[in-house]
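Have a look at these structures, which come just after this line.
After this come two complexes, each holding chain A, first together with chain B and then together with chain C.
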Partner chain A sequence: MTAHSDETKQLRPGLWETVNERYPGSMITKDDFVPLAPLRKPLSESRLTFVSSAGVQPKGTMPFDVGHPVGDYSFRRVPSTSNPSDLEIHQIKYPTHGAVNDLNVIFPIERWQELAAESVIGGLTPNFFSFIGYNMDSERLERTLAEDIAEAVVADGADVALLAPA
Partner chain B sequence: MSLQYLKEAVAVGDTEKLIRYVRLHLGDGNEAAGRKEIDKAWVEALKLLLDVPETDREFILKTLAERDAATLAHLFFHLHFYLVQRSGEWIHDGTL
Partner chain C sequence: MQRAIEHRGIPTVSVTVALDITEHSKPPRAVFVPFMMGHHFGVPYHRELQRQIILEALDHLVKAERSGEVRFLPITWAQARREGKAIEEAAGRMT
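Up next is the complex of A and B:
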């Protein structure tokens, strides 16, 4: 990300430089300034969706391709009404032991269900969305996976999208 | 390492960059661990064949003859993880 007068408004200024320092050749650069989107209505009236790179998916769906050397650019819809026992994790790049014991530590689906039931948030989209973060083609990640998820989020009628890296 | 970085390495024949990437991938970011993982998979494969058990050569030959090279290369990575998992020494944080 290049210097920008509003750079301080970004959540993680300097993130890309850090990535490139630690992983030479990962020249992920962003010249565009992407402003944060303001909330358009109170949270208690907003429908929330959750987007996670945790590799969580409904049991029985095609496992994420964690062995592919260049990554997996697909995503899974996770019904927001799911019980954690309906879901599983396919991901080898972060410790999943805790999440296997209690999925909510990485994919807090029961907490969202509770907050919706208590009307702290207006509701949940029919689906949440999950993918794996090990992807070497940043352009494809942005042009396909990110845009595919964005379209699905809009189609699900989300007012608020909470993004969480694993 | 980005895909572009790897493609540039292919273009100039820099195989050292490519194998380093494979080791990093298989070793979860640790090149020495990745090298050991590659050895571990080969050792496991060898151990499975020492008693010369009956194997499905027809399946192997048919697969090699009929499947495209990219699918076979993909299978090669799957086989690596299958064999290291089978070895009982799993270094990765998560699960396949």
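Up next is the complex of A and C:
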């Protein structure tokens, strides 16, 4: 860490404490750092995947269960060739007024497509991966959803992954 | 999630707007943007900003030297909103 959150301008400081107070045990805390995996090739040759907790999903797929008291531990594949108009958002836990006008503010699929076309990155995995961030059982999330998505990311042939925890 | 992917040998980086949660969950690499929740890549129609944040994250993916390293971007939410508003006005969109 180069700074502590108290010294920054996070727009909602104390978020971890607030949520953990309301839903004890729901927030993840780790004591250790995982070893860094090395890049195996230059970015311009690497296939990138994107993982998002924004609840973005292709129209026509089973909507995320935003009403379940302990959350939805499933994920959706979002084809990386999708147009924003092919996609919709199912979630109720973060402000979507920006994303409603331009999905790229939370799920920048058009920017990914441009960067791949320009060969800044080697390419995109066939799918991106999306779930909802409202999951009150962090142990279950780690045991099921996190492992399921990690396996799917490997199966899709990703060389690098960018994540956006909404 | 990010740790599970990194464990499988795939380098990862996240873009976060909640630094305290990042400090608790200890992802391998993160870029912090001081933006509103749900607006990790900036504001609508601001392609350059969206792109800049992605490129910073990719650069951090390449250059971070130790697990847990967080990069801070020198941009404010107020600045992002101002620029976004100007872009929308220039395009003739009602705001």
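In this text, the second predicted complex is superposed on the first by the 134 of 166 C-alpha atoms of A that agree within 3 Å, B and C clash if a C-alpha of one lies under 4 Å from a C-alpha of the other, contacts with A are read in each partner's own complex, and residues count from 1 in each chain.
Going forward, contacts are C-beta pairs under 8 Å (C-beta built on N, C-alpha and C of every residue); 3 or more make two chains touch, one makes a residue touch a chain.
None of the values given here were measured: they were computed from a predicted structure.
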Counting residues of chain A touched by each of chain B and chain C, the higher count belongs to C
Touching A:Pro95, do we find chain B (first), chain C (second), both, or neither?
-> both
Is A:Val70 in contact with chain B, with chain C, with both, or with neither (first, second, both, neither)?
-> first
Using the superposition on chain A described above, determine whether A:Ala161 touches chain B (first), chain C (second), both, or neither.
-> second
Of the partners chain B and chain C, which touch A:Gly55 in the superposed model: first, second, both, neither?
-> first
Which parts of chain A are in contact with chain B and also with chain C?
-> 27-28, 94-96
Which part of chain C faces chain A closely enough to touch in the complex?
-> 1-21, 23-29, 32, 34-45, 47, 50-51, 54-55, 57-58, 61-62, 64, 66-70, 72, 76-77
Touch list for chain A against partner chain C, complex | 1-5, 8-17, 27-30, 32-39, 43, 51, 53-54, 94-96, 98-99, 101-102, 104-106, 108, 111-112, 114-115, 120-121, 141-142, 145-147, 149-150, 153-154, 158-166
Interface residues, chain B side, partner chain A - complex | 1-6, 21-22, 25, 28, 74, 77-78, 80-81, 92-96
Parts of chain A lying in touch with chain B, wherever the complex brings them together = 23-28, 55, 63, 66-70, 89-97, 100, 136-140
